[in-house]
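To keep things simple, chains are lettered A, B, C, D and E as they appear, and every chain counts its residues starting from 1.
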Amino acid sequence: QEPVTACLITKTDTNPFFVKMKEGATARAKELGVNLKSYAGKIDGDSESQVAAIETCIADGAKGLMITASDTKGIVPSIQKARDAGMLVIALDTPLEPADAADATFATDNRLAGKLIGQWAAATLGDKAKDAKIAFLDLTPSQPSVDVLRDQGFMEGFGIDVKDGNRIGDEDDARIVGHDITNGNEEGGRQAMENLLQKDPGINVVHTINEPAAAGAYEALKAFGIQDNVLIVSIDGGCPGVRNVADGAIGATSQQYPLQMAALGVEAIKTFAENGEKPKPTAGKDFVDTGVTLVTDKPAPGVESIDSKAGLGKCWG
Amino acid sequence: MSQILHETGVKPLLSARGLVKRYGRVTALDHADFDLYPGEILAVIGDNGAGKSSLIKAISGATIPDEGEIRLGDQVVNFKSPMEARDAGIETVYQNLALSPALSIADNMFLGREIRKPGVLGQWFRMLDRSAMERQARAKLTELGLMTIQNIGQAVETLSGGQRQGVAVARAAAFGSRVVIMDEPTAALGVKESRRVLELIQDVKKRGLPIVLISHNMPHVFEVADRIHIHRLGRRLCVVDPKQISMSDAVALMTGATQPPTDALAA
Amino acid sequence: MSQILHETGVKPLLSARGLVKRYGRVTALDHADFDLYPGEILAVIGDNGAGKSSLIKAISGATIPDEGEIRLGDQVVNFKSPMEARDAGIETVYQNLALSPALSIADNMFLGREIRKPGVLGQWFRMLDRSAMERQARAKLTELGLMTIQNIGQAVETLSGGQRQGVAVARAAAFGSRVVIMDEPTAALGVKESRRVLELIQDVKKRGLPIVLISHNMPHVFEVADRIHIHRLGRRLCVVDPKQISMSDAVALMTGATQPPTDALAA
Amino acid sequence: MSETSAGLHRPQEFESVLSGSETSVANFEPERRTALQHAQQFLHSSPAAVPLIVLVASLVIFGAIIGGRFFSAFSMTLILQQVAIVGIVGAAQTLVILTAGIDLSVGAIMVLSSVVMGQFTFRYGLPPALSVLCGFAVGALCGYINGVLVSVMKLPPFIVTLGTWQIFLATNFLYSANETIRSQEIGAQAPLLQFFGETFKIGNAVFTYGVIAMVLLVALLWYVLNHTAWGRHLHAIGDDPEAAKLSGVRVRPMLVTVYVLSGLICALAGWCLIGRIGSVSPTAGQFANIESITAVVIGGISLFGGRGSILGMLFGALIVGVFSLGLRLIGTDPQWTYLLIGALIILAVAIDQWIRKVAA
Amino acid sequence: MSETSAGLHRPQEFESVLSGSETSVANFEPERRTALQHAQQFLHSSPAAVPLIVLVASLVIFGAIIGGRFFSAFSMTLILQQVAIVGIVGAAQTLVILTAGIDLSVGAIMVLSSVVMGQFTFRYGLPPALSVLCGFAVGALCGYINGVLVSVMKLPPFIVTLGTWQIFLATNFLYSANETIRSQEIGAQAPLLQFFGETFKIGNAVFTYGVIAMVLLVALLWYVLNHTAWGRHLHAIGDDPEAAKLSGVRVRPMLVTVYVLSGLICALAGWCLIGRIGSVSPTAGQFANIESITAVVIGGISLFGGRGSILGMLFGALIVGVFSLGLRLIGTDPQWTYLLIGALIILAVAIDQWIRKVAA
């Protein structure tokens, strides 16, 4: 009997998050004897490559595919083709729009992840939260859904009126110094931080879209000599990020579990190939929540968290 | 309008008055005049940089003069492009040839006046009639007895300098219906090749077309020219008759060693 | 080695034997020979495409011949680049001039042989001595009496064709220590400018340097040449003495109308 | 050498001997031609032959390695589908490159046109057919801007399109407010926009109308470039614009036309893009410029203009498609694909250079 | 015109009159020069003047709009810091473009070198200084590959570097396995790698060594390009490679040297990059090629080679930096920055063209 073929399609193959996702999937696939093929876009937002990858999987006769979609709306027709070809489609990390376009979604609750760091920041500042000065380092100008969910989740957690919860930038809270884009990397993080500090050097809270952006922001703060006066919060929980928490560069980060996501995905496809059973969503949610945990060495009252040592044990990358 | 050195009564076919052309700080044409009479060979001579090429470029539509008036027959013309001058019957061989290296000889000869297939193919699909063009190109080249080219479809870049010059001259001679202008057609050519071009010029004249010939080669000029236009410092200095003036005198005028007699002076 | 048309005993300064150069399907040089004797002006004539430029390119290191041997004095030389030929004292004015349009006259004259500042600046920081180069360039141009250029620092692209040719010729004449080669230096020049170049050639000869002159202008060739190398179909057909042969005979040989007498034939 | 008027109108004496000279022009033929030289000669005279050979060879090699999964009607037509957009944009790029230009803004024009088609329908409620026309108008306008800057202002095409690329792309993001229009909505309200994504089957082979559009477009342009005066003029401009102008080609209007046409073709690509990805997404097509240039280069078209065949571009695009699908099916890291395509680009010009040098 | 041997060695008769001819070369001077023409003349003779004027003007305008927040020593030096990497890569790009080439692979070489510096230290445990040397060696090797393909194989630089860009970038990802090395680890174990990120203050002005490196590099190259034989030769090659070769410039080795030098400068940029972002990240520097070409173009350096000043490139980079920071401080959408920079690119060449045309 031919081994089950499964596909993993990530946004890029250069971001450590997806690299680790691929590693987790590969390791589990090897254990289970699944033949795993992985594909990726060239850059974040490169939907055409993902479409081509889906088509390749169909041509390849794969039994199932896992995808972190670059264009969550745009990819749907291609996903439908894969499902029509009898494949199990699992959205990893990023839900599709509509979410039921995939057979299942294995994801972090990004809004919750944002909310956790928001709550932590508010609790850590205590009374000073009333007149905090907050910088938002976002992903790209196109406001992809992760960006929106994390950003708006943070605001909810911190106690900012989000207005339209599906849009960044319509808030009018005086504590927001501004938003800038980072492309999710160190370079962008540093430049965005510098620009916002130029706008208001009194910034004391920085929300970053991911840990590379946080690392870049930290470099900028260090160059300004104010790194100790500013709280940086982030989301990801990759090993470099958790170590940055341990070193105090990042105050707190919401850890997600890409390896587990991918591993669960591979298992689900294997099960589906054997007996046609589809995975069921987590109770109370419309997706399989792979969990999110706040990692910080300065726990704040009322926010559940683990310390960086524990975080390091579960980190990826 | 003075009709220099020509029987009164005959009107110039092509004439220009007061042409001015400036390139940045350089004034290439400084109120230049020009007259070409029917059926004659008019030589234009002058020092390097005197403005000869600029003059014929202005006349043939390759540049638009800043000032001045050009008449073809009785009409004032304003050529905006070489195409328009060509449509009016003025064909020019430019100093730098103006052939497209990668195109074939036939394509080059018919560039801008392609023949289309008859019928629907040509009218609706605008399909070129390659074989007709090649046939005609071969016929024209053979008729002018200019060269022995095996393959009329070969790219111009594979031809020797002399052969290329031949194609350019043949194109002008074949299609010029009112005037043929040649800017230093023999400058890079050997003795034999130059001779062929001179013979060709005389053939064209026999067909009744007037020719403008720019050249630095005095013996050639004095051999073929009916009148000589001497250009100096961006304007026409005078027009002389090669039968009544020696080469030495022409060269002296051209280089500024002597001044022209007043009766030969342009208007 | 036959020493054509030259007193026995005197050895050629620059000679070549059996040079072959192929460009794809074209054989530009087909076992060509060449001899230049001390102190002479050797003219090279031939039809377009006969291979004259290819010959002097091979001799001056601009192309590397496929076969054949070149000797300078008693030594076999293998120039890999024009630089090496120049270092050996061979200066060449190429048919297409070889000047850099955006560089100044002085920069062009000293290209590849720049003068550096004396002392630490020059040795350690390799700084150019601009003023020395400009001074020397001006001196050389004036000494050769070739032109009236106001500003030695102006870019070559702002010069007229005649002036550019002047700079190229002056550069070769000024720096050539053993041989000066000129490929059609007067092709695009007017009567006056051509005359200046011919005078310059004779000046250089007076300084004892031998000169190779390629030209299609028979009167010029017969005026200045001591010997005439006739090139045909990629090889040396014969060498003739302009004092003992008429222009007609030379042209007849060059174009293949007659065959050379056996005693003038190359080895 | 006494000079008398009697001497006029007669050739100089030394020229009289010319009548006896050989009449043939010096003509060197090589001693003997080797098989290699014959091959070079052939390849030189048919510019699309090399990419075609490479295409066939890569099909055979991948077929041998991967087997039936690759060498099936389904896979072959899949490659065509995946290549359709690049092929169409590549056709626009070919026109521009044949005039010795380059168009870095093709991708931006494509996506801007597709966004206009979508937003005009959904934001302003125009009938889809009208929106499509508006999309084409925008493509033509963008091309017109490029064309005027290149031909009238005489600015270098590389710089012009480097600038307009950023301008058109930014306009696209600002205008669309980064909003994607969902496939379901389009399917329900304006299926015309997805027209080029519709498929039909012949046996196992699956074609989309986008593929048909690409093939027809390339065939049409091949005809126009090779069999009409316009095509000849375009080649002449790329070869030597000054010579073209002097020998009677209207260079300026031709150049404007070429860029406008390129813009229109990009708009067509934008329409096909909606069909291909289903939705209207302002972030699509980021690499269309590099991919189209890659196809053109691998297809053996000279970046210096005037030389090459549009068929070569099509083969070039297909070669990239074959490599991408083949390597993905083998399961190599995508980075190896990029690496190989990079090597392929260099190899393609190296071969081209070699053919040209030896067969000159 | 009878021909006798007595007639030899004498000029033709008509030439004898030349002794009386005017000795001056035809010389046309314009009637009178307007102030505009004077300005054009000045701008023509100093190629870096236009970008300098634009730079000063944009500083003044943004200063007027934004006020002290923008117009402070601190902000000014911040722009310098943000521009340092582009300025260094732009210096490499300038060298290549002056030879009428283009280098699309600069960003890939930069990031590959930085990855080598980091990985050699942390993966193999080499001393940081040695790793840095290895990084430079890799940069030089990449440049050498480009140089050989361009000068020895005679392939067009655009295509060569289009290919090697993809090759070097893929190599970078494959080799690094996409692993980022953290700033804290580098700071603890190999601070040398972050050397160019260290800052020092003069009053309110904050400088990094990276900024110093950029300024010194540009100054050095300016000297070399304008005051040494090597620099003159480089200009001559860009102007007309055939002419340069025939007048005694060793074109091939020069070209190889230029590309190797470009690779080395990119490696330096890679080192500075580590300093700037703290960590070693294989995904950095993706847009360095476009950004450096933009700086060069806005700086008034001709893409056709031979013309322009490296100082212009520096001003060009700074103009982009001023616009980026200024627009962010005003609070416009980042897309407006791209749009304006696109317009700036076109404007820059248009002005350049105008100056050249009228002052020719």
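Assume a residue touches a chain if its C-beta (ideal position, glycine included) is under 8 Å from a C-beta of that chain, and two chains touch if they have at least 3 such contacts.
Since we're looking at a predicted model, the values are computed, not measured.
A.B. asks: Using the touch definition from the top, what's the fewest steps needed to get from chain C to chain E?
C.D. replies: 1
A.B. asks: Once the contact rule is applied, which chains count as partners of both chain A and chain C?
C.D. replies: Common neighbours, chain A/chain C: D, E.
A.B. asks: By the touch criterion stated at the start, how many steps lie between chain A and chain D on the shortest route?
C.D. replies: Steps on the shortest route: 1.
A.B. asks: Any chance you could check whether B-D or C-D wins on number of contacting C-beta pairs?
C.D. replies: Of B-D and C-D, more C-beta pairs in contact link B-D.
A.B. asks: Report back the single chain whose CA centre is most distant from the CA centre of chain B.
C.D. replies: A
A.B. asks: Indicate whether more than half of the residue numbers at the chain D-chain E interface occur in both copies; give same if so and different if not.
C.D. replies: Over half shared, hence same.
A.B. asks: State, to the nearest whole Å, the distance from the C-alpha centre of chain A to the C-alpha centre of chain B.
C.D. replies: So the centre of chain A lies 74 Å away from the centre of chain B.
A.B. asks: With chain centres defined as C-alpha means, what is the inter-centre distance between chain B and chain E in Å?
C.D. replies: The separation of the two C-alpha centroids amounts to 46 Å.
A.B. asks: Roughly how far is chain D from chain E, centre to centre by C-alpha average, rounded to an integer in Å?
C.D. replies: 30
A.B. asks: Taking each chain's centre as the mean position of its Cα atoms, how many Å separate chain A from chain E?
C.D. replies: 38
A.B. asks: Considering chain D alone, which of its residues make contact with at least two other chains?
C.D. replies: Within chain D, the residues that touch at least two other chains are 3, 10, 12-15, 18, 21, 25-26, 173, 333, 335, 360.
A.B. asks: Where does chain C touch two or more other chains at once, residue-wise?
C.D. replies: Only 47-50, 160, 162, 191-192, 218-219, 246-248, 251, 255 qualify.
A.B. asks: Which positions in chain A touch two or more other chains at once?
C.D. replies: Those would be 13, 43, 141.
A.B. asks: Can you name every pair of chains that touch?
C.D. replies: According to the stated criterion, the contacting chain pairs are A-D, A-E, B-C, B-D, B-E, C-D, C-E, D-E.
A.B. asks: Considering only the defined contacts, which chain D positions touch chain A in the complex?
C.D. replies: Of all residues in chain D, those touching chain A are 69, 72, 74-75, 78, 81-82, 85, 173, 178, 180-184, 187, 197, 276-279, 281-287, 324-325, 328-329, 331, 333-335.
A.B. asks: What part of chain D is in contact with chain C in the complex they form?
C.D. replies: 12-22, 25-26, 28-30, 357-360
A.B. asks: Okay, in this complex, where on chain C does chain B touch?
C.D. replies: Checking each residue of chain C against chain B gives 46-50, 160-162, 184, 187-194, 216-219, 251, 254-255.
A.B. asks: Residue numbers of chain C touching chain E in their complex, please.
C.D. replies: My answer: residues 62, 81-83, 86, 92, 94, 96-103, 107-108, 111-114, 116, 125-128, 147-148, 158, 160, 162-163, 171, 191-192, 195, 198, 219, 222-224, 242-244, 246-248.
A.B. asks: Would you tell me which residues of chain D are touching chain E in their complex?
C.D. replies: 1-3, 7, 10, 12-14, 149, 153-156, 158-160, 162-167, 169-171, 173-174, 290, 293-294, 297, 303-304, 333, 335-336, 338-339, 341-346, 349-350, 353
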